[in-house]
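Labels run A, B, C, D, E and F following the written order; every chain starts at residue 1.
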């Protein structure tokens, strides 16, 4: 009996037990008139079809997205592996599984990344922008370490927002050097660091840490407005001069670049203009990265929704 | 010697003195090589060309927009009346002129209008929305009574914002009755009442009360975001439940209807959708009103910038 | 045996007979190899799944949309009620059913609404516009009392066009008072009253009174052009001065507001501009009303086609 | 003394008299304090600057566009020829000038062109479309022979509409042969022949035959809707079957191709789709022709308004 | 036993054998638990459903698009004909079938069409453009005779590109006569002849001659750039003056008319502007032709993807 | 007598001589009836108004843009400095002036920049991309060292293209490290290095080294297509595998990002997507840099054409 195996390690004939995510589930009837559950189970390594014969519940469609504990055997159907599940139940608070094993997560060391981000903030020469960032990071550190950067488009895995933010801060740092006579490094890095900071209020995050929906507040206000509002509040508490507060709010409100892509106002200073490109670059590079992982060399993808075009993987 | 005459009352040969706005001014040289000032003077009734012969200052181009005291004679040039100014000086704090005589103002009784607006707020059945409105009106009553609703597009005269807001509240009231089973009257009227409340922070207002420019804060944040932010703050202070605060912020943030016309988020409930139409109707009707005033019956205007088309005045 | 029950009144175990609409129907084969009909029946109160076992016709897919007479029993399947039909046949001209029971209809009293519309017309101070409206209403009263305002988007139920037109006329009346110095009340109300008058020529209406398709003429010319054409004809017959005829045609031709939303010409006077907003308001408020009826408090809808966005139902 | 010379024939020192168009005129004051008229005179061959010294009227700016009789001498100023006018007066009904000499006109023989158009109509195999065309041509022959096709964009000269229509009919004839199994020749040619027939109602035409403005009716309804309306009327009078009337109206209503370029409905049959391209081709080729006439070989034009781009003249 | 029958000739009860295209294939399981193949077979006359009972391979989904040899019987299912296949195998190089019988092909005589195209080229008065065309046609004659003009949109059958090119050259010839004083006939016809010449490099063509996909080069560069590049190369080899080479490249690069429809540069001379309309006309007329073939008189199509609207077939 | 002074060094009363650019020139007449030349002179430090009294040539409007030798005195007019020119003539080949003194040039050391670019190329690990770059740089080194990057929008000074290209290569280098698992460094840097390489063929460059117009070839083909074409040629000569040649051409053809901003094809691999952002960043940062140089702290610019919005300069 295998314990704790990853889905992409399972082989024909294996008997195993472990925790998985119930990715899909439908109650069906066999031609012999018997009920069975047709399911898909997943972990961070992939997914596999599964059947629970002679089963009419209680696990059902309503439990999609939850963690299950199963005992099963790997069989074959139409040339593909599938699992015949012998025992199945929902996991509860007494079960001791590793979330990182079950869902995909960013290829980063979270502590290192968080530290690097804090160091970047500590390096800001402008004390006002630095203090706002420090306060905001303190308030939101817990969620910033954990949540994805999006529901599906890009960095939609655990710690995705931290990875996305840190990549952007690195690039912002390089650019503030390359265009040193045009940019205020403190403003650029502060804005980059905080641009998505209100995503924790915008998302509904599942028990497994993934984004499953947008909150009412998130849909009616958006993370740009919520983020700017909190910056305004913190800046006022810290006694930061109003122009700096306004500029930092402006960075957050305009970071989607154009009204038709969601900017509340258009970027009107060099730093906010640049922030919108940095965000574009990091999100697009991640989309290319994820898409090309699913392609053969020399192959085009189908149309990618977020890009509105297919993508090519060259050698 | 006439005193206090309106420009549209002046007739050929009149000698007069009074206060006017220096609407335009250029220092020129006559063909005989003598300096003179070619100016335009205005009051709320219209404007007229004027000349100050043998004059090289101190009143000059830099004083455009200021109030001047003049003594002059009405003459004729190429078939039109013009003023030959005999004495000219800038007005200062010791001069005692009536601002309402000098610049256009809304055809409303300000006290009546303000009272009607307050009564509308007092009639809201929802105490939370009512208290937010009351607090916001108290805070901004002074500017709301005075400022125009825009720099040029519509209601760009004294008390214009109050006139615009009140018209919209009346219409909102009617519509909340017509669509009573779809709309929350309190939310609709509260949102309508507060939709432009942050315009006082968005405008730079001249000593005469007109909008001459936009503030830095106004350009970088916009009156939608500033208005929503203050509502959030007031709601928190009053202990209003978060959903109501969020809905009222959403009303303000979305009242421009579409991202490309400046909405920070798109309207997603019936009240916010409707607010954007009410705003459109009142601003457009005012534009038609002002445009048609300058047209003959049976005449088309030239292209109106805000409408991107000409307008027809029928009988 | 229940007779004449509404679908939303049926309970488990009820035996009933009555007329319903065959909303959907598919011929299938059971796993035992026996043919059966899987159907959906509907009336104005809702719909329910139904099965006719051991049945191979003659009622089939081709009869979708027709009225059927059935005798059946209410059973349960997977936790939901469904009907086991014992007898089924198509209704014919000898059957005596009530159309209003079978399909949804506007929540208005048709006679009252029609009278109110006629009174509005009678109140027009301009005799030319009044006579055109009276003539047009006489010609089209029958269809105006009955047809929906659309195939699916809004007011797609019996008497929908009358409800839509009357709502708009009420609002036009209010607005012609609010903006009395900008608007010609007679022109505004006349244009509002007649704006969709040619929809009866644009639609193909089923025997049950619903719109099932667009006519050839409707697609090739559109109800704007057809409506304007008939107004031109009636105005000429009545000897109305050309400018009034042209203005009223212009109201109808431009009431979709912008070329890209179907306006044949853009609105160029205050009344036509306003008509396009009034139409927008009434159609949108109905869409919100219908959408929110299908939502829980606190829930967002999926994307609504006509709005290109989801809608939120707040408390 | 030269009589009747064209402007492009005048040479330095010539004394001449004749009729010209007063293309521009401004009353000015010389540095010596004397009034003079600075004007531009034109005929179909070009234009030239002119001065009337010591002149203060009665010919003035208000007479721009009218015909004047002048006596003058050709002089030189800054290297260019100009006219010193000795006598000037407005022409009146007793003057006997040739309009074709004064304004540009299409390079066609009007009688030949009209006959060719009638022959094309006579060749239609469908008697219904043929009779509608014949009736419409009879009604409008006078204006069709004379008016331009536009105010400025293309074919804005005398007989321009006839030239444009005939070119298009020739091309339609060729295409109905090339795509014989897709097109109804009678419908295509009839629609082409009548597509702009209501332009005479859309234009305000000056005494010289050029388009100086659009009529109120033209702006509020447009020549598409007016043309379709008259076709509907004629078809009804002639007892033509409704589908043919509708198709021919559809041709006219949709010939601008897309809503954003002015189509009242979009083309939905092969003939209407094609008509929009034929119209595009003939108008664009004329624009290129006129533009290239003003260019050297190897030269680019400045941006052409109707094309939104510059044009190149190659060898 | 019928041999070589077309699909649209088969009748109930026919026993037949022959070659067909395997248009679709899915391995399924009957309710009795036996495997069967559910397929669609096609030839140039149409397609028909087919079943191979008790069959588990080797012909399968992966063979879709290949030629199969079958022996079968025509049966009936739910009122439609279908084939019960008794024997099935993939065709190989020893099989001797006629490709033209299996896939649709253009209704032209290929030799005649090719000759007409060559004669058009031979008629060019400009020797430079003529020699470039002759060289390009020699290089690409084989593919130009064979390949479709597109994957699906229009002329997607054998010899489609030749048919499309020839139609366009005919129309270009007519137009260079109609607008003789605006157009350079040699440039227009040369550009028309070569506009799609690089499509053979853009397509992946199946063994049956149809376009099944786009090549990597085709997607990354496009046939416009590839065509222009080869023209530049050939022109250089032939010693053609640079301006002519540039103009001919410009024709090819701009023939999609607008950037948003794929033009690499916008047309800037009369010939390139016209080429884009000629291409539009021929492709659209073919789309209408193919669409109307599938419609009844009086019927509207569903929305046609390439037109973004439905199409009407009138009598 | 000052010699060689810069314009921004001139002070009231200075007598000076030197070479300047004739930036503007108009022949005028004084009120006393005497001709004079009203001019503007410029060098790389700025410009100043100038007058040549009693002067009627030969220097005139036609010499705008040329270098002039002048002797003059600095006077004052309406509070601003202006030059009274005593002697003026066009410079010719015998004059020995320093071009860099006369026109603005990039703030870089050209040799250093060129070397850094060559080193970046030398560092490419892929020998094929490296050899193509080396060959292209050799061919174009002379123009790449000298020409601006644009006519007006950004980097429109001497050596501007080199500065722009080098900045972009630096950023590309950084990004190929940041996204090392997504990007092919050699392809990204090669494409960046060559993206504008054909601008020398696109521009008409004045004797002073500035771009004064676009070439015929440049307008009809564009620098994207010309650059890709030369890369194809060089790659073929060097025997580079086709896929690499195609990818590098694709980089150049797509670097404007979207069709509507001039891309011949859309970017379809990570490197081409990124190149379009790198180009955007460097051009936009330069626009902000140049714009802010002309602003006070706290001031907004007027609308910047290339950005379609104003820009703010904060402290």
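Basically, a residue touches a chain if its C-beta (ideal position, glycine included) is under 8 Å from a C-beta of that chain, and two chains touch if they have at least 3 such contacts.
Keep in mind that what you see is a predicted model, and the values were worked out from it rather than measured.
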Chains contacting each of subunit D and subunit E, listed by label: C, F
Length of the line joining the C-alpha centres of subunit B and subunit E, rounded to whole Å: 63
Whole-Å gap separating subunit C and subunit E, where each centre is the average of the chain's CA atoms: 45
Interchain centroid distance [CA atoms averaged], subunit E/subunit F, Å: 47
Set of subunit A residues in contact with two or more other chains: 31, 216, 219-220, 243, 247, 268-269, 300, 310, 312
Every chain pair meeting the contact rule: A-B, A-C, A-E, A-F, B-C, B-D, B-F, C-D, C-E, D-E, D-F, E-F
Residue numbers on subunit B that touch subunit D, as the complex places them: 31, 78, 298, 300, 310, 312
Footprint of subunit A on subunit B - complex, ascending: 216-217, 219-222, 224-225, 228-229, 232-233, 242-243, 246-247, 249-250, 253, 259-260, 262-265, 268-269
Subunit B residues within the subunit C interface of the complex: 167, 170-171, 174-175, 178-179, 181-184, 187, 243, 247, 266, 268-270, 273-274, 277, 280-281, 284-285, 288-289, 292, 300, 309-315
Residue ranges of subunit F in contact with subunit D within the complex: 27, 31, 33, 216, 219-220
